[in-house]
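Questions regarding the structure given below will be posed in turn.
As written, the chain order gives the labels A, B and C, with residue 1 at the start of each chain.
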Amino acid sequence: MVLHKLKRMLSKLGAGCINKIWRLGAGGRLFWLTLISSGESFRRFRLTIREVYFTGVLSLIIILVSAFFVGMVLALQGYHTLQKYGSSEAIGVLVALALVRELGPVVTALLFAGRAGTAITAEIGLMKATEQLSAMEMMAVSPIARVIAPRFWAGVIAMPVLATLFSMVGILGGYLVAVPLIGVDAGAFWSQMQANVDWEYDILNGVFKSVVFGVACTMIALFEGYDAPPTAEGVSRATTRTVVTSSLAVLGLDFILTSFMIAV
Amino acid sequence: MERTTIDLWVGIFVALGFAALLGLAMKVGNLTTSSIGQTYLVTANFENIGGLKPRAPVKSAGVVVGRVSEIVFDPKTYEAVVSLNIDTRYNFPKDTFANIYTAGLLGEQYIGLEAGGDEVNLKNGDKISQTQDAVVLEKLISQFLYSKATESDDKPGKTAATSTESGVDALDASPLDKIGK
Amino acid sequence: MANAIVEIQDLSFGYKGRLLHKGINMTFPKGKVVAIMGGSGSGKTTLLRLIGGQLKPTKGQVQVGGEVVHQQDREGIYRLRRKMGMLFQHGALFTDLSVFENVAFPMREHTNLPESMIRDLVLLKLNAVGLRGAHALMPTELSGGMARRVALARAIALDPSIIMYDEPFAGLDPISMAVICDLIRSLNDALGATSIIVTHDVEETFQFADYVYFVADGVVAAEGTPDDLRNSELPFVHQFVHGEKDGPVPFHYAAPEYHASLLRGAR
């Protein structure tokens, strides 16, 4: 009886693994199809602009408010630790580097997955459930070119913009706490920052990270929607999976990218 | 939502993004300060570079005049060959002295250039012959202890209490100077 | 029939070894309204998808205008689909576009007509279904019957030669149903198109269809004009047309003997 149960568990695990690999392959295929049918997203750039509005502009508020608070908390926490070593002027460096290199791209991507990613999944899933994608197919219009690709490129455009804004607003939040509130010298705050934050190594690498996260988050959201079972329950599950998968993908990719960037 | 309104918002959104990137570049990053235009390359050999890294600043009189571009190990001389990119606006005499300093007690390491008196200037591809290695903390401490030991051998009459006192004095009198000799 | 525009020949189709269709033959002549009828789950909608090339047959073939659908590449299928219009079960209007933009969608995608001409054509199509006044509404603001009519206007936007209807009467009130019935017939005759209707509403369909196929158990169980079928002696057709609850299609799903189950304690 125990053996039987064990066997069933093992076979369930195996089936789960195979399913994951299958989905990975299907996602990769959708990614490829999206890339090769992207022409229309640029020829009729209006389609993409429309989606930038929905994914980027509508995510602006949550990104900016979060950035402000993250920056303030970083400054508070950083000051608390740095002053023990008598180097509280280094607070500017700490806030800026933490935001530009890590928190900007990563937190933006996580918030993006929650705000825009779920919206994309639900929208595509519902379009599928209500046969809108089928209808498009029957009108000889490829849903990948007309629906998936513009959303993909919109996500890839919106993410770095959001991440850059996140970093900038976060630094302003850190400045507000460090300089007027705690009383760190403003000159030291900025000059230490400028001396230690490198344009290419820190800022551009951060932007590059956010572009990669943009590709990953948007593609995951699109795939989950496109692959969702065409029922209310299927779409709601797909939405949850979007958040889980995107978050894990972002954190995993972050580790890989960071290790490459530090090694170089 | 009207299409034109969407266009406007997206335009604002992207413009904000560029503004933020510009802000990061100008206010936060060192794009402005590190924009060393034309540079010339000189090399310097060190027996020990300590924790010096590529892209570390090269300073003279505290002003950044260039950056370390590359550090390689020379298997013939068993020395580190450090390449320096120096701004063409600054010229240094041929007998310039290159030191590896540490910013603060535990800060990052950088190269300090002290100009000599030669009338010929360094040019692209030249080698700085006079160098001084990085200070390695362990070496410093062991040398200090060694010198203390020889000192107490010289003056056997001293008591333990005065010996610790003179130890404090020795620390005050900058051990860095002692090791340089 | 010589001028068949769509022909289904010895068609078999199934998922994972279970066959849904087992050798179906159908002919859809030009200018006629042909209905495919059958119980729920008999694979009627799948037939439409096979005609539209969204699915590939396991065996046999579907010909549209003399071309075998599943042998076409992507371009070829898209070329064939431009001759088809399809009305989906619940309309499948694009929820993020207005009624006007929904009808304009196929024109914008496939033609380079100037904006003024698109406007005229869209209003013409909307007028044909009686909803010119609703062009500015969003699909969420429409009733089920209106949504169906807008979808019909969209399906005929490019004047297709084949119009397919997937359950056009499902979930409609009697008035909307009568309107759709009327539209199917009049649009078919006005456009000179061929209509293929998948449905299980006997009364409405018999009023206007030229020819009817009955599908049961994966084969064509009966075919003929509505009058033929009304008087048919075939037990299945008789049960279906007259809506009797028991007959060749049993009321009970296959199960062990009821009495025995009770005694044993049903599992």
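By our rule, a residue touches a chain if its C-beta (ideal position, glycine included) is under 8 Å from a C-beta of that chain, and two chains touch if they have at least 3 such contacts.
It should be emphasised that the depicted structure is a prediction, and the values quoted were computed from it without experimental measurement.
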Self-check item: Label of the chain whose CA centroid is most distant from the centroid of chain B
Solution: C
Exercise. Name the chain with the Cα centroid closest to the overall protein Cα centroid.
Key: A
Quiz item: Max contacts between which two chains?
Solution: A-B
Quiz item: What whole-Å value do you get for the distance between chain B and chain C if each is reduced to the mean of its CA atoms?
Solution: 79
Quiz item: Quick one: chain A and chain B, Cα centre-to-centre, how many Å?
Solution: 38
Quiz item: Where the centres are mean C-alpha positions, what is the separation of chain A from chain C, in Å?
Solution: 42
Quiz prompt | Shared-contact residues (touching 2 or more other chains) in chain B | solution = none
Quiz item: By residue number and range, which residues of chain A touch two or more other chains?
Solution: none
Exercise. Give every residue of chain B touching chain A within the complex, in rising order.
Key: 1, 3, 6-7, 9-10, 12-14, 16-17, 20-21, 23-25, 27-34, 55
Quiz prompt | Contacting residues of chain A [partner chain C, same complex] | solution = 123, 126-127, 130-132, 134-135, 137-141, 146
Self-check item: Residues on chain A engaged by chain B in the complex (per definition of touch)
Solution: 46, 49-50, 52-53, 56-57, 60, 96, 100, 157-158, 160-162, 164-165, 167-169, 171, 190, 193-199, 201-203, 207
Quiz item: What does chain C use to touch chain A in their complex?
Solution: 52, 54, 77-79, 81-82, 84, 86, 88-90, 92-96, 105-106, 109-110, 151
